[in-house]
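Labels run A, B, C, D and E following the written order; every chain starts at residue 1.
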Amino acid sequence: MTEKREGEFSPKILVFSTNSISDPGIDLAGLLKMHYPPSAYTVSLPCSSGINPDWIIYAFKKGFDGVFIAADGTDCPYRDDCSELTAKIVQEAQTKAQDIGINPARIKMAAICSVCAEPFVNHMKKFSEALIKMGSIKNESGGKDVSS
Amino acid sequence: MSWDQEKTLKYIKNKMKVSEKKVEETRKFMKIRKSIAKALSTGPKTIPQIAEIMNLPLSDVTYNVMTCRKYGYIEETGEVSDDDYYFYELKGRK
Amino acid sequence: MHKINSEFSEKIKQYGAFDINACYNCGNCTAICPLSTEDNSFPRKMIRATILGLEDKINSSMDPWLCYYCGECSDTCPRDADPGGLMMALRRYQIRKFSLGKVADIFYNGFSSVFAWIILTLLAIGGIYIFGNYPDMEKINPLSMISLDTLHDGGIIAFIFLILLAFFQIYVMMKSVNGFKKKSFKFSESVKGFFDVLFKEVLAQKKFSECEDKSRYIAHLSLVWGFIGLFIATITVMMIDLFISTQSTLKIIPKIIGIVSGLPAIYGSVYFLYKRGKQKDNYSKYSHHTDWIFIILIFLAILSGYALDICRWSLFFKGYYVSFALHLIIVFELIITLPFTKFSHLMYRPVALWLAELKNKE
Amino acid sequence: MFHLEYDVMVVGGGIAGQETSLNLANMGFKVILIEKEPSIGGKMILLSKVFPTLDCASCIATPKMSETMRHENIEVLSYSEVSSIERIDKKFKVKILKKPKFVREDLCTGCQECEANCPVNVEDQFNFGLVGRRAVYIPYSTAIPKTAVIDIDNCILCGACERVCPANAIDFTQEPEYYTLKVKSVVLATGFNLFPARKKPQYGFGMYPNVMDAMEMDRLLSPTRPYNAVIRPLDGKIPENIAYILCTGSRDVSVGNPICSQICCMYSIKQAQLLMGALPLADITIYYIDIRAFGKGFEEFYQQAKDMGVQFIKGKVAKIEEIKESGNLKVRYEDIEGSGGVKEMEHDLVVLSVGMLSNPQITSSFKTEELELDEYFYVKQTDPLINPAKTNLKGIFAAGTATGPKDIPDSILSAGAASAEVAAYIRSLK
Amino acid sequence: MKKRIGVYICHCGGNISDYVDVKKVMHSVENEEGVVLAKTTVFACSDSSQKEMVQDILENKLDGMVVASCSPKLHLHTFRSVAERAGINPYEYIQVNIREQDSWAHSDKPEEATEKAIRLVRSGIRRAAQAKPLTPNEISVTNGVAVIGGGAAGMRAAIELADTGLNVYLIEKEHFLGGRISQWGALFESGERGEELVERLYKEIIKRNNIKIWTGAEVESFSGCVGNFDLGIKIHPRFIKTDKGCEKFEEIIKQCPVEVPDEFNFGLTKRKAIYKNYKKAFPEQPAIDIDNCTKCGICEQTCPEVFDFNQKVEKLNLKIGAVILTTGFSPYEPKEGEYGYKNSDTVLSLQQFRRLMELSNGKLVFNNKEIKNIGFIYCVGSRQKGGDNKYCSRFCCTAAIHTSLLLKEKYKDIKTYHLFRDIRTYGKQELLYRDSCKNGDIYLKFDENQPPEVITEGENTIVRIKDLLTEGEEIEINPDLIVLVTGMVPRNNERLEKIFKVPIGRDRFFNEIHPKLRPVETVIDGVFIAGTSQGPKNLTESILSSLSSSAKTYSLLSGGTLQLEPIVAIVNKNACEWCGKCDEVCIYDAIEKKEAEGKTIAYVNEALCKGCGSCIPVCEQRAIELKGYTNKEIMGMIDGIMEEVNG
C-alpha cells in the first residue's frame, strides 16, 4: 500500500499485550466483531512487567506513532505488583522518549482484562485520535531514524 | 499396488447387481445438471428464475443448484436481487 | 386480586379431568384448537383458572360451551393433561351451577341420580296409569290409551315448565357470564347474531365441522337433524290429531318425516354409543355417567319410536302399546330433565355462541 | 498395527468417546475406539459454533480428533460396528465388524478426484439432505481419517472412481471384516439420536421445505456450509423473519419423550446470535416454554441475545401452515404473556429446535448379559451420585449422552469421569 | 546458517478468507528472506493439513514454521506438535493471529485487514528467523496430591486418586468431612441421604491407607511449581484424640453446659461447645469449640483418656505434585428484607428449610406453628438484573421441586406454591417437575421486573404476585412459610485465591481455562478445580468434574517426570555485573548470585523461573533476556510490521 496522504493519516500503534490476560481480551474484541483501527499491531509477551523500554524507543525509531501497553492490572497471574512495575517501565520509556524529542504522550498504558473487549476498543479509538492530533512521528525529531 | 484395476470392478459386478432405478436416478440428475447449465448459459440467474426455465418445483431446483454449487459447476455471483435472491452463474470448469 | 383455592380442582375432578394438574402452561391446547380465536381463546385459560381455583373466572366463562371436544388439544398435549376433558368437566360443573335450585346436582351425583331416574320413571308410569285408559286391543289407536286432551294438556304443561326453566337458567347463565353487563349491543346486531347462530351453528354446526375428525361432526349433525325431524314429526302428528282429525290421511306426511329423520338420529346415537363404549379417542376415553344416560335415553327414545311403527305394521298390538308407553316414559324423562342434564347443552350452547358472537362484534 | 488385546474399548467416536480415549491413553492404557461412521467426530464436528463462548466447533473438535487419531495408545477403527460383547472371566471378548469402504485407507490421499468424477447423486446425510453427495465421498472437509468411502448401496458400479484414482486406492474386492479382540473394559459413548421432526406432523417438517430442523440450520451456519449462505431450502431466498420452535420433540408426552433435552434452548439462542451476524436485517423470534439457560455463562448469553434484539415469546407453537404463494409459514400459538389469545404469525423460515433421543442400538450386542436401560432407553446409571459412569454390568461404563441429554461441556466432564472410573476398575483387576 | 521457513496462511473456512485476501498475503511474503515455501490452507488445523505440513517440512528440510490462523490460545500446541512430529523444535514454530486480531476485528475494512495480515505474517517470519530451539526442562515430580475441601467432590477425588497409587492429602477446614451435602438430606435421583452418602465415601476413604485426612486444617502457603509444590497447612486442635474412641460421646455432649447457635443448622438450633455436626458425622470423634468452651471440665469426667486440652495448633509442610481445589460454594444469603428475609419469622432460605425438614419428626413445625402451606420464591440471588449474580444457579429449580415432592410424600396434605421465572429442570429432572405438577403443586410465574411482594403482618404473611400465566393478574397467597430458593455463590475465598493465584471468572467462581478444551485446569499448572468451587452444579455434576480432575491429575503425575516450559530468563554472562536488582524484583526466588569465570553474576534457577520477564527492564546492563522473547525476536517483529508493504 502506498504512502497515505496527509488527510488519511492513520497512526500506527504498537500494542504490547500479555499471553494470558490482555491478549485474550483483545481476541475477544475480534470474536465479538468489535472494530478498532487496523493500524494497531499486537505483540504478545508473558507479562507486561517484562517489557524492555528499549523496545518502545526502537518502535518509535522504526516509525510507530504510538505504543500502547495493555497491562494485566490486578489480574496478572505472575505478580500482584505488576501494574506498578509496568508503570515504572512506562515512565522510563517516557523519559527516554522525551530525551530524544518524542512526545511522551505517545506511550500509553492501561489495564486490559481478559474480557475487556470494549475498553480495549475504546482505548484504541481514543489513542488513535490523540495520535492523529499529535501528527506523524516523522515530524518529531526523535522519529528521524526511519531508515527502511 | 499391483493389482489389476479392472478386476476389482469385475469382481463386484459378478457379485451384485445394480438396480435399474439407481441408474435411472443418476441419468435424471445428469439431465437436471445439464438443464441448469443451459438455464445459466444466458447469464446469471436466481433460483426462481432457473426454476421457471426448468419448469421444476422450486425446492428441487434449490437442492440441485446447491449440489452443483458444491461440486463446483456453478457459483454465486455475490450479487443479490431486489427480492433477496442470490444470483448463480456457471463456473469456468464445465 | 384473586385468591387461590386449590380445593377447586379436586372438586372438578368429580366431573372428569383427572390429569389437569399436569399442565405446564405451554399454550399448545389453545393454539391447536380450531375453535379458539384471538379474542376468545381456550382451553388453557380455563385450565389455569381451575388449577388456581378461580371460580369467578370459570362461572363467568362461556368457553365450556364453545368447545366441541374435538380432542386435538388432548391428543397433542405435551403433558397428557387432557384439556378437552376439562372443558367437558367444566360443562358438567356449569350445568349444575346454572340449574334452578341446584336440581342438576341430583343428576350429577351418582348416588342420588339412581333414585332420581327411578322416581321419574315411576312418576311417568303412574301418570299413564292415572291419566290413561286400558287401550283398545282391537286396533291400533294410541289415543285409546291416553286421550288427546291429556296428551295436549300434559304437553303444554311440560312446555311451559320447560320454557320458564330455560329462560330462568339462561338468565342465570347470562348473569353469571356477564352477558347483561354489555349494554352496548345493538338490537339489530343481537337479532342478526341470533339468526347467525341459528343457521350457522344450530342447523349447520359450522364450528363442529372445523374439528379435524369429521366423522364426529357428521354423527352429531345427523343426530341434530334427525332430532329436529322427529320433533317436527311428533308435533305435526299431534297438531293434525288436534285440529284436523285423528283419522286424517295427512298424517302420512309426518310419519314419513319421522321415519326418514329417525335414520340419521339412529346413526348418530349409535355412533356415539359405540365410540364411548370403545373408549379409544380422547373425547370418548372418559364418560361421566350423565353422558351415558343421556345418549342411552336418546337412543331408546328413537328405538321405541321405531318399535311403535314396526308393531303397528306387524299388527302386534300388545307390543305397540308397550312401546308406546315406553316411548312416552322416555320422552317424558328426556324433556322433563332437559334443563338439568347433558341435554341442556341444547339451550346453553346456542346462547353461549350468540353471546360470543356479540362479544366479538364489540 | 493390530493388537489382539486392549485395555479399553471405547464405542463411539464423538466428543465424549474421543475425550475418554485420550484421557485413558494419556494414563498409559491401550485403547481401541470404534466409530460407525467413516469419520470420527460425532455430532459436534457438524456444528457451526458452540455456546456460550461462540468458539467454532471445528476449532475445538478437529485438534481433538487429530490427537485421537495420532495418539500412540489409541487405535481408531472407523466405519465399524460392535457386533458382539461377551464376558469371559474378567475380560470381554468383542467382535467388531469393519464395513468395507471399498477404498484402501493406507493408499487414499483424500484428493477427492474420485468424488469429482462419480456420476451418482444422493442426499448427503452429513448435510441432512440439504445438498447431494456422490456415491464415493469424503464425509466432510474436516473428516478424520480423511479418506474416501464408497456407498455401495447407491453405487452404479460404473468404475469411474477406479479409473481416475491417482493412488490406485479403490478396491471393490473388499469384504466385511470381523475382528475378535479381548478387552478389559468397555466405555459406551454411543451418543444420541436427533428427534425426527416428522414425528410431529403438525409442524409439517418434510412437507413444507421452509421448515427445517436446527441441525440443518447449524449446517447452514457452519464454515463448511452447504449453501455458502443462509438461504431458504425452498427457493434460495435470504430469509428476513425466522422463527425458532423450542421443545420440538422434548418435554412432550404426545411423542413419547417427556424429558428435557437440555441443549435446545441454548443452541437456538446461539443460532439466533449467529444469524443476527449473518443476516443483520433479519428478525428472529424464539417460541419457548421455559428458557433453560442453566450452565456457566448461559444466562448471560441468553440476556445478550435479548439485548441483541432476539424476540422471545412464551408459548408452544401448536401448528404450522404453509402459505402456498410465498412458501412462508404461519405459526399458531397462544400469546400467553403478551396480549393473550391465539395468534398467528408469519415467518419466512421456521427452525424446529429438535431434541435428543436415546440411541440404544448397542444393547443388542451384549450376548451373555443384559445392559440395563432407563425408562427412556438411555443407559442406566446405577450409582449416579458417586460413580456416574457405572452401568449395571461390571466393567462396562458409559460416557456422554449415552446416559442422558448433555451439552458439550457436560459430555466432556462425563468422559473425564468415565476415564477415571475405568482406570480404577482396570487397576482393581490386577 | 540461514533458517528455512515454511509459511501457512489459513482460510479458517472463511473466517479469515472472507475478509483477508489470503492469496495476496501469501504472495507478499513468499519472497521474504528465509521463506522456502508459502501456502494457503482451508483449515490449517485439519488432520490432512497437518499431514501436509509434516510432509512439507521433511521434503524441504525446513527448520522454521509460521502458521497464520487463529489465536495461539487455540492452536499453538496443535502446531507445535506438528512441528515436533516433523523434527522441528516446537519453539521454532511461530503462530500468527490473523483471525481474532485481524479478520474478525477488521471485518469492516477488508483491504486494511489484508495489509495488517501481511505485516503480521512478516513479523512472524522475522521472529521465526530469530527463534532458537528450546528444550523443556524435565523434572521429577512428587508423588502427592492435596485435595483442598472435604466435601463430596473432594472426598470422591481423594478415593480416585488414591486408587491410582498417588499419596493423597485431604484437607478440610471444618472439623468434620462431608461439606454441604451432609446438610442436605434426601438427594435427587437415588433418594440416598446426604449423610449416608458421606458415610459411604468416608468408609471408602479409610479403607485406603494412602489417603491422609486433616480436618480443622487451613492452607497457609503454597509455593514451588508444577510437580513439586510446597503446601503449608495449619491444623487447629480438636482437643480430642482421633485415634481413641469412647462409647459415651453422646452422653458427654449432653452434659456440656454451653450452648451456642448451631452453624450447621443455620442457627435453627443450638449446639454444645463439644459437638458433632450431626450424630453420624465423620470423623466419629466430636470436636471442642474452644472459643466457646468454659473449661468447666465436666466432659473430661467421662472417658478422660480421649481428651487432650494441651493440643496446640500444628503447622505442616506437605510436598505435593499437584493440588485440586474443591472448596465448594456458599448458599446465597438473602439481604435483610429481601422478600422479608430476617424481618419475618415466616421466611427461610431453601438451605435452612432443608435443615428444618431434616430436624423435624412427625409434624413440620416452625416457630411453634405447624406448616401447611409453603410458598417457594425462585431465583433469589440468581439471575439478578441489577445485582452481582447475573448467572443462573442451575441446581435450585430442581432442588426446590424435589423438596416439594419430598414434602408431599411425608406430609400428605401440605400445599406448596412455586413462584418462579423459568423452570429449569433440564434433562431427566423434568420428570420431577411433571410429578410435582401432578401432585397439585401450584406454579405461578413472575416477571423479573415485577417480583412478588411479601407482606408480613405478625404471624400472617401475604405474598402477592402478578402471575404471567393468568394474564398478568394479581394473585394472593397466604402461606405459613416462605422458602426463598437461594442459589449458590462463591465462597469467601479471598485468602485461598491469593495463595493459589487461581483466576476468578465473571461470576466470581474459580475459572477454568476453557469449558470444553480444559474444563478442570487453571492457568496455574498443577492447580485443578472441581465441584462447585467452579460454578453452580448439582451433586452428580460435581462428581463428574471431581473425577475428571482426578483423571487429569493422574495423567500429569503418573509418569514420575514432567516437562517444564523452557521460556525462562537467561543471563548474558559477559554483560552481567551483579547489581542484584533482578534478584530484588523476582518474587519466585529464581535468581541466585553465583561466581563464574572469576566474577559475580546472576544465575537463573530454571525450575523456579516462571518466565514473567520482570527482571528484564530492571537490568541496567540489559544483560538478562527471556528465552523465546529475546531482543532480537521482539525487534525483528517490530521490523517485520513496519516494513512497507508493496502492492
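As a working rule, contacts are C-beta pairs under 8 Å (C-beta built on N, C-alpha and C of every residue); 3 or more make two chains touch, one makes a residue touch a chain.
All values reported here derive from a predicted model rather than from experimental measurement.
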Contact-graph distance - origin subunit B, target subunit C: 2
Shared touch partners for subunit B + subunit D come out as none
Which of the chain pairs holds the record for C-beta pairs in contact? D-E
What chain is most central when centres are computed from CA atoms? D
Report back the single chain whose CA centre is most distant from the CA centre of subunit D. C
Identity of the chain that, by mean CA position, is farthest from subunit B: C
Roughly how far is subunit B from subunit E, going centre to centre by Cα mean, in whole Å? 53
Cα centroid separation, subunit D vs subunit E, in Å, comes to 29
Averaging C-alpha coordinates per chain, one finds the centres of subunit C and subunit D separated by a number of Å equal to 55
Contacts with two or more other chains occur in subunit B at residues none
Subunit A touches at least 2 other chains through residues 31, 33
Of all the residues in subunit E, which ones touch at least 2 other chains? 423, 434, 469, 471, 506
Within the complex, which stretch of subunit D touches subunit B? 102, 107, 116, 119-121, 130-134, 152, 154-157, 159, 162-163, 168, 170-173, 209, 226-229, 231-238, 240, 327
Subunit E - residues contacting subunit D, complex: 12-15, 42-43, 45-48, 50, 70, 74-75, 77-78, 85, 156, 160, 163-165, 187, 189-190, 192, 197, 200-201, 383, 390-392, 394, 422-431, 434, 447, 468-469, 471-472, 505-507, 509, 514-517, 519-520, 534-535, 539-541, 543-552, 554-555, 558
Inside the complex, what are the residues of subunit A that reach subunit E? 1-2, 12, 14, 19-20, 23-24, 26-31, 33-36, 38-39, 41-47, 49-55, 58-59, 62-64, 75, 77-79, 85, 88-89, 92, 115, 148
Of subunit B, residues touching subunit D in the complex: 1, 3, 5-9, 11-13, 16, 18, 22-23, 25-26, 29-30, 46-48, 51, 58-59, 61-67, 69-72, 76, 80, 83-86
Mind listing the subunit E positions that touch subunit C in their complex? 415, 417, 423, 433-434, 437-440, 442-443, 445, 464, 467, 469-471, 473-478
